[in-house]
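Sending over a structure as structure tokens; questions will come in a sec.
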Amino acid sequence: MIKVGIFGGAGYTGVELLRILAGHPAVQLMAVASRDKVSSKVSDMFPSLRRRVDLNFVAPEDDAFKNCDVVFFATPNGVAMSQAAGLLAAGVRVIDLAADFRIRDVMEWEKWYGMAHAAPELVAEAIYGLPEIHREQIRGARVLANPGCYPTAVQLGFLPLLEAGIIDCGHLIADAKSGVSGAGRKADMANLYSEVTDSFKAYGVAGHRHLPEIRQGLSRMVGGAEVGLTFVPHLAPMIRGIHATLYARLTHDINLKALQDLFEARFSGEAFVDVLPAGSHPETRSVRASNMCRIAVHRPQGGDTVVVLSVIDNLVKGAAGQAVQNMNIMFGEEEGLGLDIISVSP
Amino acid sequence: MIKVGIFGGAGYTGVELLRILAGHPAVQLMAVASRDKVSSKVSDMFPSLRRRVDLNFVAPEDDAFKNCDVVFFATPNGVAMSQAAGLLAAGVRVIDLAADFRIRDVMEWEKWYGMAHAAPELVAEAIYGLPEIHREQIRGARVLANPGCYPTAVQLGFLPLLEAGIIDCGHLIADAKSGVSGAGRKADMANLYSEVTDSFKAYGVAGHRHLPEIRQGLSRMVGGAEVGLTFVPHLAPMIRGIHATLYARLTHDINLKALQDLFEARFSGEAFVDVLPAGSHPETRSVRASNMCRIAVHRPQGGDTVVVLSVIDNLVKGAAGQAVQNMNIMFGEEEGLGLDIISVSP
Amino acid sequence: MIKVGIFGGAGYTGVELLRILAGHPAVQLMAVASRDKVSSKVSDMFPSLRRRVDLNFVAPEDDAFKNCDVVFFATPNGVAMSQAAGLLAAGVRVIDLAADFRIRDVMEWEKWYGMAHAAPELVAEAIYGLPEIHREQIRGARVLANPGCYPTAVQLGFLPLLEAGIIDCGHLIADAKSGVSGAGRKADMANLYSEVTDSFKAYGVAGHRHLPEIRQGLSRMVGGAEVGLTFVPHLAPMIRGIHATLYARLTHDINLKALQDLFEARFSGEAFVDVLPAGSHPETRSVRASNMCRIAVHRPQGGDTVVVLSVIDNLVKGAAGQAVQNMNIMFGEEEGLGLDIISVSP
Amino acid sequence: MIKVGIFGGAGYTGVELLRILAGHPAVQLMAVASRDKVSSKVSDMFPSLRRRVDLNFVAPEDDAFKNCDVVFFATPNGVAMSQAAGLLAAGVRVIDLAADFRIRDVMEWEKWYGMAHAAPELVAEAIYGLPEIHREQIRGARVLANPGCYPTAVQLGFLPLLEAGIIDCGHLIADAKSGVSGAGRKADMANLYSEVTDSFKAYGVAGHRHLPEIRQGLSRMVGGAEVGLTFVPHLAPMIRGIHATLYARLTHDINLKALQDLFEARFSGEAFVDVLPAGSHPETRSVRASNMCRIAVHRPQGGDTVVVLSVIDNLVKGAAGQAVQNMNIMFGEEEGLGLDIISVSP
């Protein structure tokens, strides 16, 4: 059994980790920290976990974490970087669901996240946990940077095209739509029910923190060359789900059948990427509560613009589910263990 | 392995049965019928089932059903009653998620459902599948009448009070609210997104088909005496969930603590009824996608009116989940097998 | 022109007042106060008001308010009671949309609202502004207590029955459902989109602040006799709307036709109460954004329980619209002036 | 008074026309046709119109229409083209809210709409009713083709850029999101509440009927040159609203300030186009129920891709509101008469 601890158990990615780990056959849940909630029952905060998670919140300093095999940080940005070293010293591996270890260029990170980095040496060591690309390195990771939600959907969608070298890398467009849970569980007027229901808007057009992460990932796919990306995130009135609509200009003449084959070949054997038949329009609800990414590729009107539709559940493949997938890889378990959750539909 | 067939696999209770049964460790899914969809893939209709259910729809006449141990009818009212006899003759047990076998008084049934009953003799044999009351009889059932969604929430909520004989049975009130999926998956203008979102209404105040079913169930709890019930269903703008708010006049002086004890004692040991702490307000989302019923009891202002709040997921404990719970009992499996699904929250 | 000021213009009732008053032909909008927003443009906070309200927020102390004919308080409970006297002294009439002047029994008010009352003498003077009952007194009001949202829907629904003296006043039940905007515009985790969407719950079953207000109102209808009321509010996943489902035991034999006539007669001539045909089920969306209350009366199964369905928009007839209706009466304008807004549907 | 008739009054654009026209000071509503509903009260179908529209539905053949000054067709595609000639002969002007007269190339229209055109000669005469471009021609129109919802949002957003000749016309991208009411009021399983809530998807990526309409409009802006457009519509879980996110490559070096000035200058004086301050993100709710189009322009990261955000209410500026705006122009009324509706927020 893998002994697991969670920091930041009171947020949406925290409760989602608990939902998944409580049903994971190879996991023993040791401790859940939430500084504000110490001693209260986890299931008092999340009644959905009654009878399934029988733990009280503890403080982050609790000794229990030192005895874990792995600790998940479902905390705000900036927490994991200051606490990871202590855990590593005790032999505990770390999976950060926030952004602390995602950007290799520490100055770039500091610019976008507005704080000094507390552990640059761990950034150098950290492995970026997108299993469909970095599976081998993940196995040995001590510090695992779990990808962001937008970056997961966008990178998986562009991956086959960029690896094949058939699109103009200088002018990629990612028009992405997210459910509201992506904003986390904090008292924020902007995310009140009455503010976001029955409405739709873009945000962060001038620059969103996931932009450098996506750019870094896309650049790796083309051997480190620079890529030009316009990334426009939107807020959609739904709880979960990301729908990325990706646009790229084809530099090679390739018909839709060949594009479809390219995507199917690239993701052949992947448990959590499902390439839909040609002509499909994936719905975010088809991945709700599951760890699946569903992708469809289009070439509208036979023109030179390729359109990729990529959907995930932001809290699962975009956060907690992918973190557990990474944990499975790190500990030599079957990659999909505990993740065979079927989407809830309707 | 229990060999299972499903009639009516293209509706919401059908896909929910598939979601649950696809993950059930003791079930082998043999065939899924949908007359309109013969030969098409089940997962083409429900992409959430891709890679999990690899069957094509067959016709209801398909021989595969004769080789099943049990067949679920997730069909409209009136289908199971005309097909059950043939299956029973072939040694197949039947679980009907519709209303054909729920009402013991056939004339009453015919009045409310507006058709002649095709198999009155099976009504006499059928067992009403509310496990918390009829567990023993369910074990031996050949024909199982799975309770309606409202009836499940309302009966479980009134049960301890009626069994204890401490309320006026002549003037019970059940004010119930349901998500839209309760109306099923059919092209009906009234259930269009733009018709029901951001709105709330009562319906069927003059008389709803679940009224005689609930009245019959409540009457059994008091030894067959007549009960007076005002039942007002409402449509709430959400996909899943039933919230029943129940009102009864206390005929005995009993304080809130004793009421709480009464409920906890009655449901002690029940895997799928969770009595919340005194003062709680269960949310339907706390049972979303799970087979749980959560209940809280109140006595506002210390008056003589007791208020019970009872929530279920109408598609799970109110339909497909309870049907699988009944199947487990009928086949001697552990009652909760395959039903350890944690609610999806948020 | 009536010179109007608004305190608390940054909340939901504030913006709703602005929406209505900006289109009111006899109103001149003088000043809008919001302590946190002084000097910022009102329309920066509410882009829906761009080109329609060209004012900057001012401080509550601004002299402009002294020159108004009337000031609306769309502020939290406790604000109006401390500021009304100053305005009255300057000859400004006051309409409070909060609860400060609603409860005649000051000790009762202090118990429910948890603070000492700052102006008990104004409570004695204040007129409770439910025009369908108190129209005559409203004309001369200096201090107008605008009714709460639940109290409006519940009182209008019970009114004909109580005045006619045909129901048991000792055991009334009001099962009420409200949209989320009723909780106001404040950063509160409980009202985040991801917390309330696709879910339903009761709250405040043990005791809600609107209970004493409703009880007081119902009691007046029966000449001051005590009434017994069980009031259970619920939160529905929609922005606006209240649906009150009211239950009472008939003490007189009266058929449905006579009940219908009773309601139609009582509200004959009322511009903002619409009694629907017998058998109707009013939807909250049919009053969305309008000042209408729609009511239907039922007697299910011909039993002795009468069921009244009463719907309003909580922000209009339940707050800002009714306040403007009261203003029209107070200033001798046509009662519906500026309130001829047709519900937005769908 | 303008004497007005409506064909197709039972759909969403029909009821929206009724909402607007019922409050229009210069309109006399003569007759509303709906073949399926003849003789039933309009307000029975739409209780929101009780006390405001006191008409019964009549048949399309009713003589009343011949006595109108103008008839609105809120009917499915293909109806107006077969009935317009008769009305025109009687001296009645026609405003079609469907697509019959929008595409000047009849063969192109027949390809996309899958039927033979019944009145090609009227296509030649018809005026395309986007007032911000064609105001002068609209004045004299006998047959007015009211623009589609997506085309309105997309054309207004691209207009200043194309007229200024500063973008690459060969590779425009319009990523558009629509509320569900855009699909109309018809019993269609795909638009059931439980199918679209809490989910998001693209549709029609291979080709949507609004594509040729948009392409034609954009082409006119550049003197008839061909434009290359990738148009991807999406379905968002909300009732009303279109959010178009537009992407174009700048061919001239122009900074954000100059872009902002360009947009403000182009729409200066327009009552129903509101250019937001630089850096804004318009929300669809800010135009809900109103005839406004709100636009913001961005140049992310200072790159060569310009991003325009354009929002409308699909049923108002995208349908009924714009139709009334056109009527006002055609009959010499003030353009905004009856359209001073403030968005409902929240």
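For clarity, chains are labelled A, B, C and D in written order, and residue numbers in each chain start from 1.
Here, contacts are C-beta pairs under 8 Å (C-beta built on N, C-alpha and C of every residue); 3 or more make two chains touch, one makes a residue touch a chain.
Computed from a predicted structure; not experimentally measured.
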item	value
Any chain in contact with subunit A as well as subunit C	B, D
Subunit D against subunit C, contact positions shared by both copies (same if over half, else different)	same
Of A-B and B-D, pair with higher C-beta contact tally	A-B
Chain of greatest Cα-centre distance to subunit C	A
Gap in Å, rounded to a whole number, between the CA centres of subunit C and subunit B	39
Chain centre separation (subunit A, subunit B; CA means) in Å	37
Separation of mean Cα positions, subunit D and subunit B [Å, integer]	45
Residues of subunit A engaged with two or more neighbouring chains	12, 179, 181, 185, 194-195, 197-198, 237-240, 282-283, 285, 288, 346
Residues of subunit D that touch subunit B when the two form their complex	12, 179-181, 185-189, 191-198, 237-239
Residue numbers on subunit C that touch subunit D, as the complex places them	12, 15, 19, 22-23, 46-52, 181, 185, 197-198, 239-240, 274, 276, 282-283, 285-290, 294, 340, 342-346
List of subunit B residues in touch with subunit C within their complex	171, 173, 175, 177, 179, 194-195, 197-203, 205-207, 211, 228, 230-232, 234, 236-241, 243, 245, 247, 249, 279, 281-285, 288, 298, 300-301, 303, 305, 307, 309, 311, 346
